[in-house]
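Paired with subunit B in one complex and with subunit C in the other, subunit A is shared by the two complexes that follow.
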Partner chain A sequence: MPIWLDDFLWTYQTLIHSLGINGLLALSMYVVLAVGQLSLGQAAFMGLGAYTGALLSLHTGLPFALVLAGSAVVPVLAAAAVGLPTLRLTGVYLAIATIGLGEVLRVIYVNAEITGGALGLGGIPGRSATWIILLLLAGALGGVWLVGRSRFGRAMEAMRGDQTAAAVIGVNVPAYHLGALLASAALAGVAGALSAHSSTFISPDDYAFEAAVTILSFAILGGIGSPLGPVVGALVLTLLPELLRPLHDFRGVFNGLIIVLVVLFLPRGILPWPMTRLRKPL
Partner chain B sequence: MTALLEVSRASKQYRGLAAVDDVSFTVEAGRVHGLIGPNGAGKTTLFNLISGLVPLDEGNILFEGRDIAPLPIHARAGLGIARTFQNIRIFEDMTVLETVAAGAHARLSAPFWHCLLGLPRSRAEERRVAAEALEALEFVGLADRAQTRAGDLAYGEQRRLEIARGLASRPRLLLLDEPAAGMNPHETADLACLLRRVCERGVTLLLVEHDMGFIMTLCCRLTVLNFGRRIACGTPQEVRTNPAVIEAYLGTKAAARLAARAGREEGWQ
Partner chain C sequence: MFAQQLANGLVLGATYALFALGFTLMVGVLRVINLTYGFYFTLGALVALAGCRDLGLSLWLALPLGMLAAGLAAVIIDTALLTPLRRARAPELASLMVTLGAVLLLYSVLSMGLGTEIRRFPLGTLPAGAVMLGEVRLGAAQILIVVTTLVMVLGLWVLLSRTRLGLALRAVAENPDAASLMAISVPRMVMATSLLSGVLAGAAGVLIGLNQNAIQPYMGETMMLRGFAVIIIGGLGDVRGAVAAGLVLGVAEVMAAGYIDSMVKDGVAFTLMVLVLWLKPAGLLGRARVTRA
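Moving on, here comes the complex of A and B:
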């Protein structure tokens, strides 16, 4: 590796890690929005993944791959527990149910001994190498892209357009809703574990309502035409505070202003273009 | 003639209002069957019962001899039932070609893992779907709009797109809810011609319509509903002269006047 690249990676390691982790979280949000649902449980699933991963690393000698797998499975189980009874909910009702999940989990983290209470967990080994994060982001983006381009993606787009008509052409709407929620939980869980092993310290407040809204804003800013949109949204919202550093105290103001301007003038996001699946055969 | 669809003693109540009340009728394979009646007679509710959008309270619905009442909506597409909607329901942001391909969803079989990994089988299936969707568009006369956004089509084109989407699933039975609504006489004539060609392809049609000229030329059997009940069933000729039907459409006074005039005419002869 050339020295300049090594220096660069060393200097910006934290930022690159956040870019990758936020990209995964944005994909997790996209998967739910793609079937026309609004879930605000992404931060909760991320927190479950983070705590699961941290506890596995601190108390067992499992290899990192298995730790990550465990961090995906636990949020998926939670998503199934929340998803099955709430499948009939749509729109803001599902959003409220998933906010509820986040609050319940936060209270558990604060009060349970094993999660370190309000102080959180420290001393988590820094096992998230840059290449692991970027590889997982690339893999997830590729997978979501390929599914989105297939008949499954077309069914999801149909559901987003008109749920009743989608059901009539044979789309099993409840199964897609549940499947999307489970996939989204797995992605958020992995992102959470990666972030815990990158920052080496986690606390209950990292996964509260504010985090959920931040993740949603990735998708709103980037647009949900294709999975690339939310990832670009995450990229922008992660880099922006760094780029605005020279503005010192006005940083937050400009950050907010840019988001407001995008929502006003690009209501479908920075990358609004839908995926093209079929071309007219000649 | 075999019965493709058999609705027997179907009932659906909304808070005590009997939207469909003990309705029975049979749709024979290969025919065009019309469902008519004044506004609020329960025609669309009956369509929603057959396609599964609302659950049946009582009775049963047999499709090819099999009771479909307990099946969820999406499973009925796989059996060969397709429908269009009174208030057009298309996927506005999709292209016309994609919309029709979406209609074929129930026939596609590429497993999820193949799609996730982008394996050749799923790609081959997509190519086949594109070709079939284009063929369906040619059939309804929309091939040149294949790459247009569905929401940008004109009203009559959107109606034809809905029919193409329904045909993409290769249905045995196509339910059409007021396909000629809002069309001018010229468009209505084109539509009748299209529907005849659909029928020639072996698709049985059940249609709800208010345009009586359209219904009378197209259908070989009619079922008439009023206030949720079946009041008549038969060929267009039989239904046209049925006193109960005239009363439902024109009211008791007019029916009596018509009956009296018919009586006088008979007296003169």
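Moving on, here comes the complex of A and C:
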């Protein structure tokens, strides 16, 4: 590796890590939005993954790959508990239940002994190498892209346009909703574990309401025309506060404002182009 | 002991019902989950606090002031953010997202301006004594909450079922297009609903702020978890259901804290909410419209 590249990676390691992790989080949000649902539990799933991963690393000698797998499974279980009853109902039920999940998990982290209470968990080994993060992001992006181009993607696009019409032509809408929610929980969980092993310290406030809104703002800014949109949104919203230091203190205001402005004035996001397909649909 | 627990549970439940009253009205008439609702709650408490502490007003002046401020804020925010989406017939999730972004924005501005430290009402805002009913002890703030909740629930019931305004509001809730064909001005009803909900949120903020005597910008956000649980358990947009669900939740929380462990208390709302979603998604009273995909 050339010296300048090594220097660059070392200097900007934290930033590159958070770019990759936020990209994964944005993708996890995309997967749910792509079927026309809204989950506000991405921060909660991320937190579950982070705590699961941190506890596995601290208390067992499992290899990192298995730690990451565990961090994907636990949020998936939580998503199933919340998603199974709500996904047959209208979209607002899932949104409400997932906000509730985030709040209740925060209370548990604060009160439970094993999670270190309000002070959080420290001393997590820094096992998230840059290449692991970027590889997982690329893999997830490729995977979501391929699914989007398949017949599943077409079904997802159909139900985003009109759920009833999609159901009438034989798309099993609830199954897609559940599948998307579980996949998104797994992605967010892995992102959470990666971030815990990158920052080496986690606390309950990292996964609260503000984090949930921030993750949504990535996807909303980028637009959900293609999976690339949310990842670009995450890139922009992660880099901006670094480039414009004053913005750092106003992050809450800024991310909130982004959502309001984009939904009101650019309902399709900054990258509205739909995905291209190999074969044109009929 | 049990009687006191039950009384505490009912008072807590009354605060939840009081909080959820305006929220459920918004959901029922405007058909939008408005997440800025918690902000109106905070705003009511902060304005009343400023009135009591900085202007030296008595509570009986500060309370309506807080309610009015919250009501006006609700009208302004609804008109600025949700009216354009209603006009464009945007999906309900778009409105939910806008209010989500807006509430983060509002809380952030508020906590940057005021800081996040806890503020308290000055001593003597409420009389210090307590009333004994048999062996049950009730403080002034608690009595005030129960009485206000009763008055508000009755008032809302009379308004919705006995007045022309209530009839118009119910018509808009049922079907805005048909209502507008019946010469009901839908935009005006939307504003009336926002004002009413905001006023109710403000009242809840002042009274619950008095009872807990700990006021900070994010107090509305903490309350929202209970608000969500109450409107789901009671059925979306169902006023009677919200009152019943608030009381059930309050009693359940106090009993869980008293007889199991105080740590369990904060999980009760979510657990009940998920149970209701599994078993009876239309809510306890089962009158809400549930559209199955």
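Simple rule for what comes next: the second predicted complex is superposed on the first by the 255 of 282 C-alpha atoms of A that agree within 3 Å, B and C clash if a C-alpha of one lies under 4 Å from a C-alpha of the other, contacts with A are read in each partner's own complex, and residues count from 1 in each chain.
The rule we apply is simple: a contact is a pair of C-beta atoms (placed from the backbone, for glycine too) under 8 Å apart; a residue touches a chain by one contact, two chains touch by 3 or more.
Keep in mind that this is a model prediction, so the values were computed, not measured.
Student: Looking at A:38 after the superposition, I want to know if it touches subunit B, subunit C, both of them or none. Which is it: first, second, both, neither?
Tutor: second
Student: Going by the touch definition up top, name the partner, subunit B or subunit C, that contacts more of subunit A.
Tutor: C
Student: Return first, second, both or neither, reflecting whether A:158 touches subunit B, subunit C, both chains, or no partner chain.
Tutor: A:158: touches subunit B, not subunit C.
Student: Let me test your reading of the model: by the given contact rule, A:104 touches which partner, first (subunit B), second (subunit C), both or neither?
Tutor: A:104 sits against subunit C, while subunit B stays out of touch.
Student: Look at A:171 in the shared chain and tell me whether it touches subunit B only, subunit C only, both, or neither; answer first, second, both or neither.
Tutor: Only subunit B; A:171 stays clear of subunit C.
Student: Under the stated touch criterion, which partner chain does A:141 make contact with: subunit B (first), subunit C (second), both, or neither?
Tutor: In the superposition, A:141 contacts neither subunit B nor subunit C.
Student: Looking at the overlay, does A:150 come into contact with subunit B only (first), subunit C only (second), both, or neither?
Tutor: After superposition on chain A, A:150 lies in contact with subunit B alone.
Student: Now for A:231: first (subunit B), second (subunit C), both, or neither, which partner does it touch?
Tutor: A:231 contacts neither subunit B nor subunit C.
Student: By the touch definition above, which subunit A residues appear in both interfaces, subunit B in one complex and subunit C in the other?
Tutor: Correct list for subunit A: 164, 167, 173.
Student: Going by the contact rule at the top, pick out the subunit A residues touching subunit B in the complex.
Tutor: Contacts found on subunit A: 143, 146-147, 149-152, 154-155, 157-158, 160-162, 164-173, 274, 277-281.
Student: Can you tell me which positions in subunit C touch subunit A when the two form their complex?
Tutor: 33, 81, 84-85, 90-94, 96-98, 100-109, 112, 221, 224-225, 228-229, 231-232, 236, 263, 266-267, 269-270, 273-274, 277-278, 281, 290-293
Student: Mind listing the subunit B positions that touch subunit A in their complex?
Tutor: It is residues 51, 53, 72-78, 82-83, 85, 89-95, 97-98, 101-103, 105-106, 108, 110, 112, 115-118, 122, 125-127, 129-131, 133-134, 146-147, 165, 169 of subunit B that touch subunit A.
Student: Mind listing the subunit A positions that touch subunit C in their complex?
Tutor: 36-38, 40, 81-82, 84-86, 88-93, 95-97, 99-101, 103-104, 107-108, 111, 163-164, 167, 173-174, 177, 209-210, 213, 216-217, 220, 249-253, 255-260, 263-264, 267
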